[in-house]
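In the two complexes that follow, subunit A is the common piece, with subunit B as its partner first and subunit C second.
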Partner chain A sequence: MKLFKRLVPWILLAFAFFILPAMANSELFGFSQFRLNLFGRYFSLAFVALGVDLIWGYTGLLSLGQGIFFSLGGYAIAMHLLLVTKNDFTTGANGLPKFFENYGVDNLPFFWEPFWSFPVSIIAVFIVPSVIAGFVGYLIFRNRIKGVYFSIITQASLMVFYHFFNGQQKLVNGTNGLKTSTTEIFGLVAGSDEAQILFFRITLILLPFAYLLCKYLTSGRFGDSLVAIRDDEPRLRFSGFNPTPFKVIVFVVAGGLAGISGALYTVQSGIVSPQFMSISMSIEMVIWVAVGGRGTLVGPIIGAVLVNYLRSLVSEALPEAWLFVQGALFVFVVVLMPDGIYGWFTKGGFTSMLAAFGIAKKTATYPKLDFDESVQEESFKV
Partner chain B sequence: MQNSILDLDQVSVSFDGFYALTDLDFKLYPGELRSIIGPNGAGKTTFLDVITGKVKPTKGNVKLRGKNIIGLSEQKISRMGVGRKFQTPRVFENLTVQRNLELTASPTKTPWALLTKSLSSVARDEVFKIMEYVGLAPYAKLQAGSLSHGQKQWLAISMLVAQSPDIILLDEPVAGLTDDETSKTAELIKSLAGEHTVVVIEHDMEFIRDLGAPVTVLHQGQKLTEGSLEEVKRDPRVIEVYLGQTDEN
Partner chain C sequence: MDLIFSQLLDGLSIGAVLLLAATGLAIVFGLMGVINLAHGEFMMIGAYVTFVVQNIFRPLGGFAFEAYYIIALFASFIVTAIFGVVLEKTLIRRLYGRPLETLLATWGISLILIQFVRSVSLAMVIGIAVTALLGWVLNKFLPLPLKQASFASYLKGSLWTVAGIIGLIAISTTASIGRFFSNPWFGPRNLDVTPPKWLQGTWGSIAGIELPGIRIFIIILSALLIAAVVWFLTKSVWGVRIRAVTQNREMSNCLGIPTDSVDSITFGIGSGLAGVAGCAITLLGSVGPNLGGAYIVSCFMVIVLGGVGNLLGTIIASMMLGIIQSIIGSGSLLIAFPDMPNSIRSVVEFFATTSMSYVLVFIFIIAFLQFKPTGMFPQKGRSVEA
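Take a look at the complex of A and B:
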């Protein structure tokens, strides 16, 4: 049974990897290519959710600026694709990406140069966000800024980046963003079905690695230190720990995951724009984690996929209603499932709900009978 | 005469003009057990804050083994061998009892070491010994947050023992404990003295008597007197401080 439980996520993953693309092509199951592409996007958002969970769920630092790192990852891959693709839709008369024509730019801005190279671009997808996260994180954490001040600073940084990218038409096409759907990658047009299936599969291949990385960070003594930082950081200092490097490391990893997430999301949605750095986007990332279950690693993945799937369904039916549904969902989860959906299932929420309806037996084990000495003694006496 | 391990020289701490400590001199010798008493607001906790680096003194010197420690961060001072238990039992509530102890028992506290190395079996055995001794072994896998107040106090003290600093500072270790637990704590603390230098801050006079250690009385941020509990109790100034103005006639 235990083995089965451990295998379930892998079985689901293999199913998604092999069966879903086949289903989408056959059109038999009412599961279209369009839907597959949407699921690919949801899964790519699970990466950023894992990062939010590391920094918020485990370490207790509510970052509202993950959108920065998410977008940087997206811009990195989009810049590469725009540079190397040479076709009528993407390339302008002067051989540069087309949008440069609109602003009369004839020389490539210097920071575009490294993105000619594919390996450099792939590395930049997570290194650039990580380095910026490390720099910002070090300054913030060294000065012992935490709690709501940390959240405000990250959100303010987000605004800075948002306005910068919005305003720089000559550098990154400003508010229009960079369009990747007409670019070419591995000899395929990025917007084509074949390429989209490829992106879907790449996303699903990378996701377990992101998960295992987070697992590695959170399961051992390093993970214990993170929880200790969340519980009582000053106390940890008096035990001889310096919390600053711990927090910087976690912020860097969360930033890197957000970058990968942004790159995967960009190629699957066909565009990266400053909208990815909007305040609401970064707050939504937090909502996914809260709904899925913070402080667990499966929770954020469930949350990111489920909330976004719900979003698509609601938006298709009632375009105006999504924000209300999202707000209601958030309130519902915070009030009734403080541990999120996953935490609710694993911590016996399901059985206690059944008990409330009279279907299952109520169990009272507080604190835990097996561990309580006095109870043990009593049972020996009888 | 032995060299002092901790030396406070004319230390004053002022919070916006209010003096929590005024020209306090305090010396501690290796292996010593010392009790500190004083009415509320005497500056007992500020005294510990100064030693552990939480509060920077306005004036004066704090020397640990002859080295000035003013301005060092809490973690640096802690690594130099100063451990502290707080007034309220502060434990990491979302970690199990065992993990709480293992974390503080860890000899290396850098992220890299914690990621790549597991705790040595010697340290792990030590953790189990401590849990056995204080009776927390049955709760090893329980989250610390679900322990009772008394058990949390014990865990907080155990974490200090696991950390094994040269100087152990205990702020009200028996607050909220039953008489049984209190006398057991006294025993534990007495067994720690000698190998460690121990400072105990307490209100419970019974407990102070159990410890049988020299007593320092603080009052309004100053050292009022020092001596055995009996001597201190006979001191008219101490009586005045504790019972208010008695000599009206």
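Take a look at the complex of A and C:
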């Protein structure tokens, strides 16, 4: 049974890796290429959810600015694709990406230059967000800014990046963003079915690595210090630790994960735009983690896939209802299900519900007190 | 120089709106340690209340229509304050001591409010009423043994779910009756509020510079309201209680101050101020469901910059932000000083849009926090916040 439990995620992964693309090819059970692409996007969002879980679920820092790193990863890969692709849809008359023509830009802006090379771009996907996360994180954590203050500062910085990318049409095409669906990668058009299946599989191959990285970070002494920061930072400080490096490192890792996530999401959705840096997108990332189960590593993956799947189902049926559902989800999860779905099953929520209906046996931390009738009556009066 | 002065006036009036909104946010944050992400949506509600009041008074015409704005000010304060108290009593109280969770829950509320304003119609109101009534009745007349059963909370939850589903059915059936029921009241489009005549135009001039009535009015309004808030906090009984709870909640509780009521009242006042700010915004632009989002981040910046629980810090910070954004963002520096050196000129040009002035302000704030991590006027006290 235990072995089986450990094998379940791998079986699911293998299923998704081999069977889903085949199903999409043959349109089995109404599962289309479109759905496969959607699932690829959901899985790519799981990376950023893992990062949010590291900083929020384990370290207790609620960052509302993960969208910055997410979009930076997306922009990095999109810039590379736009540069190397030479076809009529993406390349303008002067050999530069087409949108530059609209603003009369003849020389490539200097920061585009490194993205000619594929390896540099792939490294930039997670290095650029990490460096920025490290810089911002160091400046914030150095001053012991935490709690709600940290959240609103990260949100403000998100707004700043949003405005910057929105306003700089000559550098990154402003509001319109960068379109990657007509570009070419590995000899395939990025928007084609073959390329999308490839991206789907790459996402699934990378996901276990991201999971194992988080697993490695959260187990052992480093993980213990993260939980200590979350639960009682002053005590950690009084016992001689400096929490700042821990926080910065975990913020950097989360930023890098967000960057990878953004790159994978961009190639699968076909566009990266400043909308990825909207306030709502970054808060949604947090709610995926909350729904799945924070402080667990399976939870964020479940949450990201589940919430986004729900989103597309609701939006297809009744577009106006989604904001209501989403708002209710926020309130419901925070008030009634703080451990999330996965936590509810694993941390005793499910068994206590069964116990309430008299199906399972009541579990108690202090059996003598909890099963003593006189104590029970007294507590009922209060 | 005229240009600079009028931009200064613009900046001051934007700062005044920010001040109204941020004061509410800051008082609540100081008292409960909670940031209300739905604060911007309370501003939006205040703006929509103004719109409704205007439409009620429009057929009356004449003097009554001229005076509608004053009534709208009070109405928006009262309505949003009620919203705030209800939110505090139903949701925020349950999350006491978990500020980050409160942040997320209030964001959920803000999403619901935005969509509610977009799609509210008579059918929807009927559906909500049906749900509320049915849920209340079902839970009220639950047999006592079931109420005390160990699974009572799950039972109540499922009863509410049933009530909700019936409410949804009620919405769809009433909406299918006719357009009268299904037409949204406001819709997702932006609506316009016409300022009364006495606000339009100019209110005299100083040294040849015209004073636009709306801007001056907003500045005076916010000055009066802040004075009222200061008076309330320092002189009235409840104000003193609020300050006591802000300083030390446990001790105040021991001394018999009803901290629950203090929380509710403060939250109500904070939300009410946001409503008035929303009412003032209607004079500056049109009213839409996404109105709150545009101002809320600036409010956060004001709080970060000004420090918590200090009105002076909030005032200075909001005025500073308003002025910086309007003077640099509009690019009027370039016009006022045409002969500045080229190097400075290119920098100023780079930041001379509304978006880029945000960037500049943020860089300034992050730099500022390196020297003063707790804002301009930190609260002095002996509590160890390690």
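One rule holds for everything that comes next: the second predicted complex is superposed on the first by the 356 of 382 C-alpha atoms of A that agree within 3 Å, B and C clash if a C-alpha of one lies under 4 Å from a C-alpha of the other, contacts with A are read in each partner's own complex, and residues count from 1 in each chain.
Assume a residue touches a chain if its C-beta (ideal position, glycine included) is under 8 Å from a C-beta of that chain, and two chains touch if they have at least 3 such contacts.
Only a predicted model underlies this, so the values are computations on that prediction, with no experimental measurement involved.
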Applying the touch criterion given at the start, work out whether A:Ile287 contacts subunit B, subunit C, both or neither, answering first, second, both or neither.
second
Taking the superposition as given, does A:Gly187 touch the first partner, subunit B, the second, subunit C, both, or neither?
neither
Partner chain(s) touched by A:Ser225 [first = subunit B, second = subunit C, both, neither]
first
Based on the superposed arrangement, let me know which partner A:Val334 touches: subunit B (first), subunit C (second), both, or neither?
second
May I ask you to decide whether A:Gly104 touches subunit B, subunit C, both, or neither, giving the answer as first, second, both or neither?
neither
Is A:Val148 contacted by the first partner subunit B, the second partner subunit C, both or neither?
second
Of the two partner chains, subunit B (first) and subunit C (second), which one does A:His163 touch, if any: first, second, both, or neither?
second
For A:Pro319 in the superposed arrangement: first (subunit B), second (subunit C), both or neither?
neither
With the two complexes superposed on chain A, say which partner A:Arg237 touches: subunit B (first), subunit C (second), both, or neither.
both
Spot which of subunit B and subunit C makes contact with more residues of subunit A, would you?
C
Touching subunit B and also subunit C: which subunit A residues?
234, 237-238
The answer for subunit A against subunit B in the complex is residues 216-217, 220-222, 224-225, 227-228, 230-232, 234-242, 245-246, 249, 295, 367-368, 371-373, 376
Residues of subunit C touching subunit A in the complex
29, 33-35, 91, 94-95, 99-105, 107-112, 114-116, 118-119, 150-151, 153-154, 157, 293, 297, 300-301, 303-304, 353-356, 358-359, 362-363, 365-366, 369-370, 373, 384-386
Sites on subunit A touched by subunit C in the complex:
56, 60, 62, 136, 139-140, 142-145, 147-149, 151-153, 155-157, 159-160, 163-164, 166-167, 233-234, 237-238, 279-280, 283, 286-287, 290, 320, 323-324, 326-331, 334-336, 338, 353, 355-358
Flag every residue of subunit B that touches subunit A in the complex, lowest number first.
52, 54, 73-75, 78-79, 83-84, 86, 90-95, 99, 102-104, 106, 109-111, 114-115, 118-119, 135, 138-139, 141-142, 146, 159, 163
